[in-house]
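Think of it as A, B, C and D in the order they're written, each chain with its own count starting at 1.
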Amino acid sequence: MSTTVLDVRELRTHLVTRWGTIKAVDGLSFTVDEGETLGLVGESGSGKSMTCLSIVRLAPRPAAREAGGRVLLDGDDLLAKSAREMQQIRGRRVAMILQDPMSSLNPVFSVGMQMREPVASYHGLRGRALQEKAAALLAAVRIPAPAERLRAYPHQMSGGMRQRVVGAMAIAAPPRLLIADEPTTSLDLTIQAQYLNLLKELQQQHRFAMIFVTHNLGIVARMCDRVAVMYAGRIVEIGAVRTLFTAPRHPYTQALLASVPRLGAKQEQLTAIDGQPPDLATLGAGCAFAPRCAHVMERCRVEAPPETAVGAGHQMRCWLSAR
Amino acid sequence: MLRFVVVRLSQSLVALAILSVVVFILARATGDPLSMVLPMSATEEDYANARAYLGLDRSYLEQYVSFVGRAAIGDFGTSIRARRPVSELIRERLPNSFKLAAFAMGVSVAMAFPLGILAAVKKGTAIDRGAQIVSILGQSLPTFWLAIVLVEFVAGRLQWLPAVGDGTLASYVLPGFTLGWFVVAGMMRLLRSSMLEVLDSEYVKLARVKGVIEPRVVWLHALKNALIPVVTFAGIYFSILVTTAIVVETVFAWPGLGRLAYEGITGRDFPVIQAVVLVTAAIVAVVNLGVDCLYAVIDPRIRVAR
Amino acid sequence: MKRAIQVFALLLLVLGVAVTPSVAQGKTDLVIGFAGLAQETLDPPVAGHFNKYYLALLYDYLVGTTNDGTLSPKGGIATKWENSADYKRWTFTLRRDARFHNGDPVTAEDVKFSIERNIGKRSTTGYAGPLRTLIATIETPAPDRVVIVTKEPTLIIPTYLSRALSSEGMVTPKKYIESVGDEAFARKPVGSGPYKFVEHVSGSHIKLEAFANHWRTGTPKYKTITFRIVPEETTRIALLRRGEVDVTDISRERVKELEREGYPMHFRKEDAVVSMWTVLDPNGGWPAPMKDKRVREAMNLAIDRTEVAQAIFGGHALPAAIPLGLSWSFKEIGLRVTPEMAYPHDVARAKKLLADAGHPNGFPLDVYAFLLPGFPEGKAFAEAIAGYWEKVGIKPKLIPVDYAAFRKNWVDRKAPGATGYFNIANRNWVGAYALLEKMAYTPSKPNDTAADPEIDGMIKQVMSQTDQAKINALMRNIFTRLRSEHLGYPIVYLHSPYASSKALASWNPGTVMYDFFFDELAATK
Amino acid sequence: MATRVLGGPDSPDAGAALGGVGGHVVARPRRMKWPYVPLGIIAVFVLAGALAPFLSLPDPQAQSLRTKLRPPVWEERGSWANPLGTDRLGRDMLARMVWGSRVSLAAGVVTVLLASAFGAAVGLVAGYYGGRVDGALMRMTDATLSFPIILLALILAVTVGPSFTNVVLAIAVILWARYARVIRGQVLTLMELDFIAQARIAGAGGWRIITRHLLPNTFNTLVVLVTLQIGYVIIVEASLSFLGAGIPPPTPAWGSMIAEGRDFVTSAWWVSFLPGIAILLVVLAFNLLGDWLRDTLDPKLRQL
């Protein structure tokens, strides 16, 4: 049994906006073990990114309010940490890779400066040792001629190359937990595949836990050990990838999988999920997916279903499970 | 980089050439300078002598050619009013103008930067509202009114600071502040909005995620990017400083180029008018060039493109 | 390349403090702050009466005066002057103890050289023209004697070369000028006056230093005298309060305020007469409506001079009665201004006169409005006068320009019928004569404002008259006729206020045109 | 291509807007649907100016030297005859302020419209055609930018005599350069976008592209710049009056009224202070309006 790195319990983050209070993250619970990759899947607006930001407590103030729950990293509750302590944790014990490589690196500073900055503060290195460590990290993410590359500026690099640099920064500590927020969405296919392999390799080498946020089920299948499907700020189903892909229990998960073309599948017509994604500001009491759910029952509209186990390590939040 | 400087300089020369024609015509349109200098009793013969002595009897084209020809080598002719070589007058007054403009630029940067940045970082708080007020006041107080109020109260009654330039650093404060104040508003608003833009960016989010301490994120990562639009406007700000200096020089008795231009115009002193306008234009062009180089220092993307 | 740019940027921002010449403080230095120092030219031929008050410290005059303008053998290089029987040879005996700042003695050669240079072709001073036509030759029979030979008999040679008028009489060093040339001399002038030249920064200040045991003032009390240019009045007053300026010119409106704070006020009583006139038509005659004497009288009667003196000039002015009436000359020529001469403020009579003259509902009238040195209330004054004329039915139209633009229209006769004004500096009889010869004499075509053949005749006679009594009678008749024929619109005499630091309560600015006799203030003899 | 869930509104922008709900949209403070405050202030001044002849106000140019420099009514020597006091020639301040708003606002609006029209034209042409045309126009702009407004106004005042048109002309002749430079910058970025190439391929000529595509897209910037600059013009007019080159007496204009009161900053504070407040309010109103317009029309325009 590998040790649990991250244990999130009833995490809530609400946002005060002009349209009322939005429960972007509404009571999330999940764990990620050492060396394990948890996929976070869901449509846009399901709260995937907000979850990541809430874990590293960078949800945009003054709108965001931490409305409860606990985030245990190796037993340490991050929500209880002071700003100073959090700042020490970010980058060292929890690292993050953002979505758009084109704008993740600071355009006016050299790659070297942006690499040396975290390495110097994590490892206290100076001068030549610092330079070598930075070059070594670039080599670790398979960037050719790392020494010269340190002198280059972001705009002199391709998207894929930049995302590798961000990856190198992420593993600088190396961290206990790496959060990748749709890191390959804006890369084209071939580069995407290489990057995913690289992440896998780095994970095996450093044994960090990883949360991989995406709305691409293909990537989930390839990268993740377990997957959590999010809808309107809640996890509607969580379990091993194999089980969810072969025997999804929650109607939303089933609909998601049905709308994905399969190699060799006979269907001509892909089924789309009708209706609109929920307006987070005006969520009713019941299950958020009720208006679009094929198996909707009276109860679904009135009462929000609790999380119930439907198999080993396989939970779901739907009244169908009770039947 | 060098090619860029050469192209810019040649373009500035073209602009100066256009300007020299415009100012040559405008100066002469102000009227007959001699009536200001010669006494009431001057006879027609006196006028003829003076016109010959000052070379005003030659055709306009001849006068223009000799003006531009000599201006190229720094000789702007003799002032009709002060009967002294104009270049000498300018050499006496230019340092004062330059020091005042530099000090004013320093003042506006010293005020605009902290205010602009803090207003962006602490958006919506008291500082932000304060910056808003400074910005509105900056754009709605006529420079001369502020100058006179400062002279009357701060220098005259409270006697904290000297009212007139006497060489000490303290004497720069009031005129520098008055001149700089006009530019503070514009620069601060621009810095605040560009900081807001940058603080929203992905690389700032990544810096925070990397565990960079907040002050370093704001004052290094964010500021260097936010500077870009401010620097592009710095050229315009400097030309505003140089052009509104006349008013400050009048109130604070500061012997600068602005005052020289004012006397030149009221005295219909062609050589002085032409010289001052060209010298100011040249300074503004050089400063703009300097600003663009500064721009390249800040933003590497520009360096490669040029 | 990067290095160079950074250095450039650093230089731009950190220019720091280069010390401009600091003004010495402390009791032994006199600092005078004026709105302007005219053209700031220090060479007599290109100077003129506007900047006499600082040149008079630098140079000695051939003929000196007391501070009320009467010629005095103790005030100039000439200790004695007498004229030949035919009034065509004027002999001046020079003092022997006068020395130039570079040590050379002042001799007859210097005086001859100076006069010829001061009225030469290059000169722009007020009386160079008449002197050039009048003087035939200048002889130097002895080192201490100079004889000026004139083409016609005249009385005015000593006065024209005296401190009473402009800068023609200033004595300059012949050897020094001939060795360095005009250009260098103008930049570093050498004179024989009680103060030496130190430095001149254009637009900022002129600094002079005491010249030990000068024959006129002994070793001056103040080590240095600095004339500073401070254009804005609020700033001048601030400097006065800070003690950074000892003497300053202020506007009449702020006299009360400074008197309350205990600053001594020094007035030059009737320093100038504010006279308005009509621009004549191109052939020198009176344009249509003003041709009729009654219209001119009506225009005078419409104006409430006491209210103007009180409201516009804060009470520091006196109603004037005589057009171009330079009152400092009245005593010398024995003219007494009787109460009947004063124009009453009589709107009814003015309207009747206008109706009689055929203008019951007035006529359009251009009134030019501009500021003038020593007359900051210029625009308000013009607006007020236009307001009075409006009340009697005239339809004035205010035309704000600067003085040079008005002068051009006046001299080129491009705006016949329009009215303009000037604060004409008061002066003694010779100066008054010279002014009348320009502004009331048809032959001096451009500047004439009183087309009247009778006055032209009288002025012509004065020129060639050598009997002082006859000259005085002629001058009296000229002024009386200007008033009786209403040949102008005299408004007020202005008192020019000067505020000084408390230590200078005793200073008397004197009544000589454009001269403040600072040398008397600094005299220890 | 990564598979896409067909149902949801899946374009990245929409996703970012909602998904990143904590990011861009939310951070802005509560914003009014309509800018009541600025529109209110401007309306007050415009109405005052327009209705001036009908309000029972004394003639702004009528002098009464006996009651000169009378303080506003709330001070002891004040009187209801002149609620806001009188100036140096005894003219009623309230009347001059009301008539003054007509002149000053007109000066501000006319100057800025003139300058923006010409400036935008130059900017559009320079941006679109580029190359030598752009170089020439930009050099002309630089030459104008370096020519000081105040000097030009002084020269005009001295040559032809100060007048309303001179002031407007002098400022407009310099101000257009700023518009030209900003609009050109905008056009350059627009030219990068595909829809210009699209229009060209569809055979649109230069003139049609400029008027139908470029102008509408830069119009927002223009509107924002116009509102922000009106205050600036009124201030420049005040400085010109200080040097004797502003709108000439006796026409009441705020700028010249402040200049006239400069000698009485302590003894008669209201002569300069009241028109100063009027200018402050107008500048404030136009700036707030400018900010609101910028936020509604195009948030990315923050840089102006």
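Keep in mind that, in the parts below, a contact is a pair of C-beta atoms (placed from the backbone, for glycine too) under 8 Å apart; a residue touches a chain by one contact, two chains touch by 3 or more.
On a predicted model such as this, the values are computed, not experimentally measured, just so you know.
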Pair of chains joined by more contacts [C-beta pairs], C-D or B-D: B-D
Centre-most chain, if every chain is reduced to its averaged C-alpha atoms: B
Where chain B and chain D are represented by their mean Cα positions, the distance between them in whole Å: 22
Separation of chain A from chain C, taking each centre as the mean of its C-alpha atoms, in whole Å: 89
Computed distance of Cα centres, chain D from chain A, in Å: 49
Set of chain B residues in contact with two or more other chains: 31, 124, 148, 152, 250, 266, 268
Multi-partner residues of chain A (at least 2 other chains): 62
Where chain C touches two or more other chains at once, by residue number: 234, 402, 404-405
Parts of chain D lying in touch with chain B, wherever the complex brings them together: 23-24, 27, 29, 135, 138-140, 142-143, 145-152, 154-155, 158-159, 178, 231-232, 235, 238-239, 242-243, 255, 258-259, 262, 265-266, 272, 276, 279-280, 282-284, 287, 302-304
Chain B contact footprint on chain C (complex, rising order): 1-2, 5-6, 8-9, 12-13, 15, 17-23, 39-41, 43, 46, 48, 121-122, 124-127, 129-130, 186-187, 201-204, 228-232, 234-235, 237-239, 241-242, 244, 402, 404-405, 407-408, 411, 434, 438-439, 444, 447
In the complex with chain C, residue positions of chain D that touch it: 63, 65-66, 68, 88-90, 157-158, 161-162, 244, 248-250, 262-267
Footprint of chain A on chain B - complex, ascending: 124, 201-203, 205-214, 221, 224-225, 228, 298-301, 304
Chain C residues within the chain D interface of the complex: 233-234, 251, 253-254, 257, 307-308, 310-312, 369, 371, 376, 379-380, 383-384, 387, 398-402, 404-405
